[in-house]
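So that you can tell them apart, the chains are marked A, B, C and D in the order they are listed, and the count of residues begins at 1 in each.
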Amino acid sequence: MHALSAIGRFEGLEHHFGLRVYFEDTDLTGVVYHANYLRYLERARSDMLLAVGVDQRATFESGEGAYALRNVRLEFRAPARFGEELIVISRLVSMRAAAVTIQQRVMRVQTIVATGEVEAAFVSPAGRPRRQPAQWVAAFEPLLWKGN
Amino acid sequence: MHALSAIGRFEGLEHHFGLRVYFEDTDLTGVVYHANYLRYLERARSDMLLAVGVDQRATFESGEGAYALRNVRLEFRAPARFGEELIVISRLVSMRAAAVTIQQRVMRVQTIVATGEVEAAFVSPAGRPRRQPAQWVAAFEPLLWKGN
Amino acid sequence: MHALSAIGRFEGLEHHFGLRVYFEDTDLTGVVYHANYLRYLERARSDMLLAVGVDQRATFESGEGAYALRNVRLEFRAPARFGEELIVISRLVSMRAAAVTIQQRVMRVQTIVATGEVEAAFVSPAGRPRRQPAQWVAAFEPLLWKGN
Amino acid sequence: MHALSAIGRFEGLEHHFGLRVYFEDTDLTGVVYHANYLRYLERARSDMLLAVGVDQRATFESGEGAYALRNVRLEFRAPARFGEELIVISRLVSMRAAAVTIQQRVMRVQTIVATGEVEAAFVSPAGRPRRQPAQWVAAFEPLLWKGN
């Protein structure tokens, strides 16, 4: 696979990823359907991983494994609407042998729309927890959030 | 609107809702994509509300308001795969003037696949918290989980 | 894998599959978001296949292959709304060595909401067209629609 | 609402819109789930409309109406996979009083992945066909594809 380019960018230790709300994201109440925030968060994480050189696709296709979410906590603060431009800000708050934890918040200009924290465990193709690739750990190292 | 029929059923205070995993629910790792569990949980909650006489559509269309999720906690215990039949078990653990909290678990026969707890606040069409319909409170009353 | 049960049923050569519209299916205009009809159609086809003994999961997991859509035609006749119960009626109108064509319509009581026709080709895991399993062809044979 | 910026750009009469395939877009066969192409096509159309000054949100919120799809034709030519960068190319091939028709193709570098043609009718909030806003017609005029 050729090298992919990340769409977002880092500002310090935080990764910023912009996106827009489309029809597909809304529900009849006129705001973003709650489950779709998990899709936003994952797009941002995938882009963050790409930016630090973590190639999820090659690792999965080689049969080594993939991240599977273990825990998710979401808090919804304000509704987001069709056409709005949002930004997902992600930071790595924990890294263990077989898992990482990433805190994320979805912002609309200066309003927090949603916050999330996900713990992703590295699992073998058969679904068993497994030590994540050393090169991924190395890639994440410099990103680890020291608190603010 | 004519009366709708619920698809699930109550066993005691717990509401059971069956569903199947389709192609649309999976991702390339072969298991249910994590965000789709939120869709499963919501289908089950909507059916539960219907079963106790809470008509979300009429209430929304009348301009009174709708539930908006405030907090979500998900824990993923085991992967679910294409074709599997799952059951979502839901129970009401808290009811306040303007919000309800529902605990849910997704089961595959005797394996817990995921658990979730969502807090849904009743909001006006403009998105402000609002006391929920008295008739909904009355409908929920007998369902309130007393602990186990 | 244990035997799964189909949810829908055949009435003559046509397969009937009921479903309900949930929040996840709607968009801000208050009706079912168009792409979601493709999800409804696929749920109905998967159930239809299951009912005639076509086990898509086992065939995919064995490495033999899977159906991939080639052509889709959709016509939207009437909006469907949150809470409505719909029925997807499917019939097999063509079967060739490596592909099948299924016509489907989504009904709300007596109103056609959408119609679709999809051609699904059987492809190898590498994505190449391939003769579909003989046992699938045999299972489909009796279903072939003779025109009406 | 403040002015939004389009993400894609026009090359002559054709609108180019880039996107990436995320986990949410794939299914267990490892490629993009077919219904998700309709989501891609709609993102591209929404961006195209934005670029020519058609503000769908303001028009919907004012109670004037919205586009509803009438017909969709999709042809799938090649699978797209996780991580790939795709481009959706859209052109306006027909404009009538109450509807527009847009042809689209999804490309992976030089491979066509899918083609689509959608006819979108302008409908009132009650769902009735209605003459589309004169300013939208004026915005589309210069885009009309003259054949190639």
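One rule holds for everything that comes next: a contact is a pair of C-beta atoms (placed from the backbone, for glycine too) under 8 Å apart; a residue touches a chain by one contact, two chains touch by 3 or more.
According to UniProt, the chain labels map to these proteins: A, B, C, D = YbgC/FadM family acyl-CoA thioesterase.
Only a predicted model underlies this, so the values are computations on that prediction, with no experimental measurement involved.
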{"item": "Joint neighbours of subunit B and subunit A, given as chain labels", "value": "C, D"}
{"item": "Chain whose Cα centroid lies at the greatest distance from that of subunit A", "value": "C"}
{"item": "Computed distance of Cα centres, subunit D from subunit A, in Å", "value": "27"}
{"item": "Where subunit A and subunit C are represented by their mean Cα positions, the distance between them in whole Å", "value": "33"}
{"item": "CA centroid of subunit C to CA centroid of subunit D, Å", "value": "25"}
{"item": "Subunit A, residues touching no fewer than two other chains", "value": "23-24, 28-29, 31, 35, 39, 42, 60, 81-82"}
{"item": "Of all residues in subunit C, those that touch subunit B in their complex", "value": "1, 4-5, 7, 20, 22-24, 39, 42-43, 46-47, 50, 55-57, 60, 81-83, 85"}
{"item": "Sites on subunit C touched by subunit D in the complex", "value": "28-29, 31, 34-36, 38-39, 42, 60, 66, 68-76, 78-79, 125, 127"}
{"item": "Interfacial residue positions of subunit C with respect to subunit A in the complex", "value": "23-24, 26-31, 33, 35, 81-82"}
